[in-house]
Amino acid sequence: MELRAYIIRRLLLLIPVLLGVTLFIFGITMFFSPIQRATLYVTNLRQLANLPAIIEQYGLDQPLVVQYGTWLGQVLRGNLGWSNVANMPVSEAIWHFLPATLELAIFATPLIILIGIFLGSTAAAHKDSPVDHGTRVVAIVGWSLPTFWLGLILLMVFYGYFRGFLPPSRLSIQMDMVVNSAEFIRYTHINTIDAILNLNGPVFLDALRHIILPVITLSIVNVAFIMRLMRSSMLESLGKGYILTARAKGLAEKVVVNKHARRNALIPVITVSGYLFAALANGVVITETIFNYKGIGWWAWQSAFRLDIASVLGFALFNAVLFVLVNLVVDILYTRVDPRVRLGGSVQ
Amino acid sequence: MEDLVTIRDLAVRFYTYEGVVHAIDDLDLDIRQGETLGIVGETGSGKSMTALAILRLIPYPGKIESGSIVFSDRDAGDELDLLTLSEDKMRAIRGNQISMVFQEPGAALNPVFTIGDQISEVFLLHRRQELGYQAKQRVDSLLSDGNGLAAGLKRPFWRWQRRLYNKIAGESHPVEPRLLSRIPLFRRLLWRLRDEASLLTVDMLKDVEIPDPARVAVHYPHELSGGMKQRAVIAMALACSPKLLIADEPTTSLDVTIQAQMLELFRRIKVDKGASVLFITHNLGVASEVCDRVAVMYAGRLCEVASVEELFLHPLHPYTKALLEAVPMPGRELQTIPGALADALNPPPGCRFHPRCPSALPMCEQERAKLKEVSKDHMVACHLF
Amino acid sequence: MTDWRFMARQLARNPMSLMGIIIIVVFAIIAIFAPLIAPPPEGHWNPNPYMIPRDGYSATPQPPSEEHVFGTTEGQYDIFYGVIWGTRTAFQIGLVVIGIVVAIGIVLGSLAGYFGGVLDEVIMRITDIFLAFPALILAMAIVSAIGPSVRSVMIALAVVSWPSYARLIRGDILQVREEDYIEASRGLGASSGRVILRHALPNAIYPTLVMASLDIGAVVLAAAALSFLGLGAPEGYADWGQLTSFARNWIVGPPGDSLKYWYAVTIPGLFILLFVLGWNLLGDAFRDILDPRLARR
């Protein structure tokens, strides 16, 4: 099976990169003193009380290579250290904060992709028209917006001026109590989904009200990017020979654009989705911080600010691994979408 | 028998950033029923534009300025001026009664769809009623032959399908199937049409001598060789048995050996399908192999039209003569035509060719010659005649 | 290959790029004449002019007035002074980071692209590792390791950005390497260095220019974000992101006048937006010009 062989091959190639990533992270830790580094190894508060023992146990004064080995061993065992900020082991902290960020991603990603593709195609189909220029201006301005500033302004207007219409944080205080009560079963810790599963309307609406602004903030910058890409991709596609053939066959212009041109134009956009993940990861840190939305991004910032290196590095490592995997998925997706890049050989 | 296509006074201009380009001027041309007419000329002579004008596919910033292109329509039984038709009616003709084959088959085919899909598309577009009828027949046979529990359960579904396809077969714009085709998921319910179209597609591929057509149909363009691709494109063009097939340099990008096969294919098409072919090329040799009559164009204007033997044996226009002279022959020095192609933005007054013409007369600079019949079926636009 | 003059003419024609150039020039003027536009007051509490003068220690931001044209932030830092000198900071960060990054990118990218083989593989794997991290997060990690300051922000952003350039230039060199004129110059006996510098690079460099001008905006945005998060310029430094961070607690005013402190948020942010916009317009126009497909005839 070609696909399976390809995946295995890519996963194997992944290992040196991941090793390199860990090496890099480890390199950064070396900027810190052994005492600070102790937090990288402990899993509960009590252990921290006895620092010399920790240093002894994990060989924090040993030569670099030995340290790296020890550290790597710990990491592979799932021990990423202790997070001061979260007051729990780093690995647990990641699981604790992940659902909130996932919720943002679930809402933001389809929005970004669909709106970006739609606007991009429209701009390309009406090239040089006011629509095209308008969307282009919007795209460039959107691309130039500082995310944190946009978030603040949105809060200022929709929370301040409009009297708490769209508030920050994940839930209002009452709803938070409902969600944490015994009657409410938390399946996924993603508030909107849990609300649906619990058939609880008020919680759902409340969660929605809190998530709108962060999602908009996250989306605007990235929509601009996708839109520009889609536009230029569509323009390139529309200039190709098969478009003339399609018209010569008697197809309606709508079919020519939507079926023939767009299918080809989507290909570069898909390959770029990997970068979208990175952009979202970045955006999430700022957005969650501004809106006090306690997801991974918020935790990462708190940790960086308070120099909680175990958390920061754990977060960076987590992100890197995820990113590498996402790229793999995107690459495979790409081969599915573009027949020219199939994994097997061809005929004749 | 009237001519299939009568072009009169065609003018095509391009409004570019630098100025107005006269791509075609004052073109009068007839394409007769069942003939293969060749248009010969250099790059920039306007031959491709003539083809695109017939199909009304002149790209921006070009415009068809004036003229008429009269086409005798098979279905309506009368004559239509293609330049005044509504876009809807024009689309019904494109790919159906008039179709086109392009120079680069690789570029002409969409890389993300299979060969079969791209050819079936033409059937699904122009032969929908026929396909609907066929589909209905198949469902009928299912209904009459089906036995047993499984068949019994599916019966209502089949009956509904039968109604569906009957509608497609009977009316030209049935509402129900059209609504269905808009909703992506439900589009699948019309899959029988696709199946019927695929059958026709495979037949078509067989016609153009593609080996193992069923297997080729499920392949993608990049998986085929150049010759195969071009055959597929020809299959796509011939799918609905057009009365006019326009071929724009179909063999130029192919190997010489494949070229020979391709020309053989064109000859066969002429015989089997009875279609007229407008064969555009810059290669005189190719033209001599396939065409019945040949028209020579220079800088957007027609110079000479004659039967292929007449043209090659008794060329009249100085440009035609120069072209024939320029064909490389062993043992002889290469003859060239001095000068360069006229500037399309500022064409010289009078005859476009006169700066390079060895027999130019003083009046050639002032006045253009009109196309005149000099001998039987042999027309020239030159003051020498 | 594109002539510089032709490019300049094209840039001048395009209304968007024209606006971008104007914006950048205006900012450049502000930066150069900062000491004149917003002179450090006598008795300034800090000899470093980049530290914003304070007018008291009250926590409440004051609205624009005659004395403080754009008002003051929490802690009474003069916003006007901050954004004017912040322009200098922005230019510094943008140009220095991009300068370093392009230089490193050119060196490593050319080596990798031109010589190929093991060198190429090694350099590519290294870039892979760097690129595995979302930029802001890695920058955050680096800054927290070195300790927050404007300098560490520049270092962190440089570390994070160079891999993209190395890859870009490598790709361009790879394309250009196969061209005939490269072989021709090698045939004439030119050394590798000479070939790279005089022949390969000049032709490969245009996409890099596009990316670089777009990136100056991105770098300044990232630096502002880091400073906003408290991981960059120290408190009171004339940096736009830093200024905006003061506004965090003041986005909602007292009931009845909720937009009271708008100036604290809006003004510094607007400067960031316009600055980045200028560079983005320029970079976008660059990209349109260099795009061979759009050559209009």
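Chains: A, B and C, in written order; residue numbering restarts at 1 for each.
Methods note: a residue touches a chain if its C-beta (ideal position, glycine included) is under 8 Å from a C-beta of that chain, and two chains touch if they have at least 3 such contacts.
Remember, predicted model here, so these are calculated numbers, not experimental data.
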Chain ID, smallest distance between chain and overall C-alpha centroids: A
Higher-contact pair (C-beta pairs counted), A-C versus A-B: A-C
Centroid spacing, where centroids are CA-atom means, of chain B and chain C in whole angstrom: 54
Separation of chain A from chain C, taking each centre as the mean of its C-alpha atoms, in whole Å: 23
Centroid spacing, where centroids are CA-atom means, of chain A and chain B in whole angstrom: 50
Residues of chain B that touch chain A when the two form their complex: 55, 57, 59, 91-96, 99-100, 102, 104, 107-113, 121-122, 125-126, 215, 219-220, 222-225, 228, 233, 236
Complex contacts: residues of chain A adjacent to chain B: 240-242, 244-252, 260, 263-264, 267, 337-340, 346-348
Touching residues on chain C, where the partner in the complex is chain A: 16, 125-126, 128-130, 132-138, 140-146, 217, 221, 224-225, 228-231, 241, 244, 247-248, 251-253, 258-259, 262, 265-266, 269, 272-273, 276-277, 280-281, 284, 293
Chain C partner contacts - residues on chain A that touch it in the complex: 16-18, 20-21, 23-25, 28-29, 31-32, 136-137, 140-141, 143-149, 152-153, 155-156, 159-161, 163, 235-236, 239, 277-279, 281-282, 285-286, 289-290, 300-301, 304-305, 307, 309, 312-313, 315-316, 319-321, 323-324
